[in-house]
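I have placed the structure first, in the form of structure tokens, so that the comments after it can refer back to it.
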Amino acid sequence: MFFASDNSGPAHPAVMQALADVNTGFAMPYGADDPMAAVTAELRRLFEAPEAAVYLVATGTAANSLSLATLTQPFETVFCSPVAHIHEDECNAPEFFTSGAKLTLVPGTDKMTPDSLRATVLKEETRGVHGPQRGAVSITQVTERGGVYTLDDLSALTDVAREYGLPVHMDGARFANALVKLNATPADMTWRLGVDILSFGATKNGCMGVEAVILFDPAKAWEFELRRKRAAHLFSKHRYLSAQMHAYLADDLWLTSARTANANAARLADGLERAGAQFMYPPQANIIFAEFPRATHQRLHDAGAVYYIWEGTLEGDDPDEMLAARLVCDWSVTHDNIDRFLSHF
Amino acid sequence: MFFASDNSGPAHPAVMQALADVNTGFAMPYGADDPMAAVTAELRRLFEAPEAAVYLVATGTAANSLSLATLTQPFETVFCSPVAHIHEDECNAPEFFTSGAKLTLVPGTDKMTPDSLRATVLKEETRGVHGPQRGAVSITQVTERGGVYTLDDLSALTDVAREYGLPVHMDGARFANALVKLNATPADMTWRLGVDILSFGATKNGCMGVEAVILFDPAKAWEFELRRKRAAHLFSKHRYLSAQMHAYLADDLWLTSARTANANAARLADGLERAGAQFMYPPQANIIFAEFPRATHQRLHDAGAVYYIWEGTLEGDDPDEMLAARLVCDWSVTHDNIDRFLSHF
Amino acid sequence: MFFASDNSGPAHPAVMQALADVNTGFAMPYGADDPMAAVTAELRRLFEAPEAAVYLVATGTAANSLSLATLTQPFETVFCSPVAHIHEDECNAPEFFTSGAKLTLVPGTDKMTPDSLRATVLKEETRGVHGPQRGAVSITQVTERGGVYTLDDLSALTDVAREYGLPVHMDGARFANALVKLNATPADMTWRLGVDILSFGATKNGCMGVEAVILFDPAKAWEFELRRKRAAHLFSKHRYLSAQMHAYLADDLWLTSARTANANAARLADGLERAGAQFMYPPQANIIFAEFPRATHQRLHDAGAVYYIWEGTLEGDDPDEMLAARLVCDWSVTHDNIDRFLSHF
Amino acid sequence: MFFASDNSGPAHPAVMQALADVNTGFAMPYGADDPMAAVTAELRRLFEAPEAAVYLVATGTAANSLSLATLTQPFETVFCSPVAHIHEDECNAPEFFTSGAKLTLVPGTDKMTPDSLRATVLKEETRGVHGPQRGAVSITQVTERGGVYTLDDLSALTDVAREYGLPVHMDGARFANALVKLNATPADMTWRLGVDILSFGATKNGCMGVEAVILFDPAKAWEFELRRKRAAHLFSKHRYLSAQMHAYLADDLWLTSARTANANAARLADGLERAGAQFMYPPQANIIFAEFPRATHQRLHDAGAVYYIWEGTLEGDDPDEMLAARLVCDWSVTHDNIDRFLSHF
């Protein structure tokens, strides 16, 4: 009963098989391997972006930080949600990779709204050389609180960015989970709306550790390559990144896995709702924030369930006090585990 | 006939098996996995360093740059060979990770000598606040030209460092190849001589992509962890790094593979010598720099041999002109390939 | 009628005289000049801090950024007010000088409260290696909105810092204005409360361009010197910084000028209040935020008054609409100018 | 008898008078002052560069580092002499301001030669993404060893830069001394040869502390302004920088002072030569490197002469041993002082 994160599950057997298959003889290093060529071709095809530049790194923080560094000057500021992973969970990596750019938080609790984004952008315009200059807008899809921006939501945000000439980064650590939720095409959820660079996550959805960065405009491709190397994120035995991503994209594994993860979360959410839990945010993909009594938490804990208590602590006298849980499902969670978890309510 | 680098061979079957074995169910992320605990214990045991802090990253440049950043202030300079990987092949990663420290090159062609190191250190002492302050000494073992410092060589260098109070980093991308060459113990080749932080390479010697960083003094362990995260080198699904390293250390695989790689290179060097090739540097581990005529290069090229022509180019009229080759063997090179290569001389 | 800022007035005649006096013959460069020795001695005496390290720079942003860089690691975050100069008006200089540390904004409109500071500090403690680590607290005295923290206010803030082991920086761009307002001693307003490093402003209070940085604990003095040089803020002809500061401290000029500036602002505030203006913040030193009708602004504008309209714009149809003005007085503002300004109400 | 440096003399009376003249009433801050407009116009006129962007900073290191940061990406390397001020005497400021670019030293003892520059540039081209990319060429005129590149020398260097598409920075801390030596026009010694950005020194030649940065192509002017602010080098009471520079340019003061300084050095060099001293470098502007016996040094020392002993130390038994001195003259050195100095030979 592990619901702590989708960063802790196993790699999909197809991914493991691809690693075994590619493990023969010598291969050109540093991204010149054959599977990488196939990955690039496949992502260009899937995104209907024949000119896009595609690179692989091993962590989501690397994908985000390198993307932001490519879009942002050190005297600029990046606009993001106050709960954005780039702000809260990357230990100043964006500040490091951008050589000291700032992150400006768009007030709100999770999703940015166009009004809040516009108001925040406007506030940054009045100080000339004294304040940081307005830089990229970074949007997380699926959000850190499990929300999914609709295409209209995204379009309204990218409209604001376009209005002020700001580039757009999408943190798609859970890109596939959002895509299948919206039943959209990759192109419709990204460059057609004005997304310039995408962190295309794979690790949380069945890989060992690989993320693609897609630059829809390849003008900065070489700069990206240099920044990746300079940040020590260029792999010599690169084929093992390529093979993972290749398997991830083959046979719709990425979409199938995301659908499974979302369905797992929906099954869990349904059970929680029936059991009377309260949702802090409407569950839309594979992450659930739900409140239920301490006594239930205690039972789950005693039964070995693993997840984050988001607000409050197990310690406390009142068994009826509501504590919030964050519960995440990946593709590998079993129905049996979900049902066992729910049986404690 | 691939002799371009030891960064291009396959992972050892035992490493692949370890990945398969660890790929079950959920595992705590970010280094809290069980195999990591085993790796730490094993490296402490092997290095006779029960207090050492041990961390894993996926690239050698990450290991080196994070190590240097932990040892060096931005207003300091790092002393290294003019052909050091950290200077020539990391696209300013050390400068990036240290927030702008300098690298001061110790004159020479490959190995640093204590006299040259001392003279260079002395030169940096005369400008007070105007010049960079003297920082870490970085030593590559095996060197970038295939040389192996003896324990006496290393001791003489670390004596200079100690004399001036400078910390010592060892770039051990090919640590095992040097160790088996010297028939030394890990402790004797590192902390007993005064090495403070070691980049303990595994990728080039049979892994997919994993390097350990060993801080013999754990005082800066937490700082290292923060720097690793900030640089986006902390893996969520960390068990796949741990599993590689665990297999690498088990059953002396690391030593066996290094012995095989060195023996392969020795077999190749013997053949080259008999064929009249000239060595630019005495081959001591698994890297050979040898000169032989263009015509031979051309025959090898036509036969599909892959390696770097280090000086000169295939294009040229004189079939007798000597061109230099860099030839590297890993554990996976076959005798058949070596012998086929030599058959073209 | 210039009330735009105290950064735009002339230097005091005594400062100019000191520059002329020191302008003879050669002087040792880089801070080894005689007047600097006198400045150090005098600031140590005034602050009752015989061990303090004292350095001069030419801009307030340099004083702040170098102070923060000396106190803060790049993987940490600095706590400050959302309207702090270091956040709003230094174009990412703190992020630059600290090599990418973050600034965490303590919710509020101007002055930090201990409760808000504690809550913000607590929020930063829960993410381990993923979030930035808690770093320095930076307090502006006089605040950017013209407020003056009482000694009790400051003590409550530094208590929170001490509770969590965080160092404290004071941005004292208008240090003297606060000191005379509180009728406190320099030691009581700084190190006795736990301030570690002070940006001691002089430019806004009668100098051409000089600020002192005072490190009450000299342990990091040499690091500060190196950071100052590395940031290009070490002056070769340093005597001209020293001479300014020396004159500023002599004969209580710094206190007299601050009293004059505060008295000027009080005279202006009294007149505004009598004229029915509304204060956005209670005027406590030499900065006033006041609202009055557009028609009055227009009359002032037509008469040549210079100041910032803080909220709203002159353009607009409604002559009765209230627009906010920021009005700043330095020591050089004349009563005549103040009275002329008020005559337009 | 002060010959230690031209960074230690007094400001010229005309500069002091200009400061006094400008010290009345309020002036717009941050470069919007009237004298700055005059400075820009005058430098554009003198350089025959009506589009050039002109900015003032207070230190030479700031001028150099901001210039290099504007020309250089962090994954690039700057080519310079091994004795360049930017390498030896700025405590890693260029590395800091460029966010971690490297400095690649062009072998030689002082002046770069086109052959050495080309060979060094070529060496940096072979490692693709692994090595730093080729960035700006930085040329010091007058050199750190007192040499003056002829226009042909400069042209040969900028030809190499142009051949490889590299931008050119000139460190003109002693620009005027070189100009009058060559009897060239400012345009001929800079942009007509391909210099992109010039650090136009004034501090060493009669000012208190001011240097201009001239961007002959204004495309990056706004970026420069932001970098200057971010580095804390934008002065609020900017008029005091402008006034110095304005006075420096007025009535050919800059040229007259440079001629005086050079003539002083020539008088000193003549005397040294007659006294049998050996020059380490041919004296060409206002800096002399000369060798003479320890006994003479001791007499000078006893008589109170101040200068750097460049090689060797006063301590030593052999009165005939030759020790090298660095002797610098500014405009304020008197003939009497020079002759008194020479009288000890």
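Points worth noting:
Going by the order they are written in, the chains are A, B, C and D; count residues from 1 in each one.
In this text, a residue touches a chain if its C-beta (ideal position, glycine included) is under 8 Å from a C-beta of that chain, and two chains touch if they have at least 3 such contacts.
Because the structure is a prediction, the values reported are computed rather than measured.
Under the contact definition, subunit A and subunit B share the contacting chains C, D. Chain centres computed from CA atoms place C at the largest separation from subunit B. As a whole-number value, the distance joining the C-alpha centres of subunit C and subunit D reads 34 Å. Note: centroid distance subunit B to subunit C, computed from Cα atoms, is 51 Å. Note on chain placement: the centre of subunit B and the centre of subunit D lie 41 Å apart, centres being C-alpha means. Across the assembly, subunit C contributes 74-75, 90-92, 96, 99-100, 129-130, 226, 229-230, 234 as residues in contact with two or more other chains. By the touch rule above, subunit B contacts subunit D in their complex via residues 74-77, 88-92, 95-96, 98-103, 105, 127, 129-132. Against subunit A, the residues of subunit B that register as touching in their complex are 2, 4-5, 7-11, 16, 19-20, 23-29, 57-62, 65-66, 90-93, 96-97, 203-204, 208-209, 226, 229-237, 240, 306, 332. Looking at the complex, you find that subunit A touches subunit D at residues 30, 73-75, 99-100, 129-130, 133, 223, 225-227, 229-230, 234.
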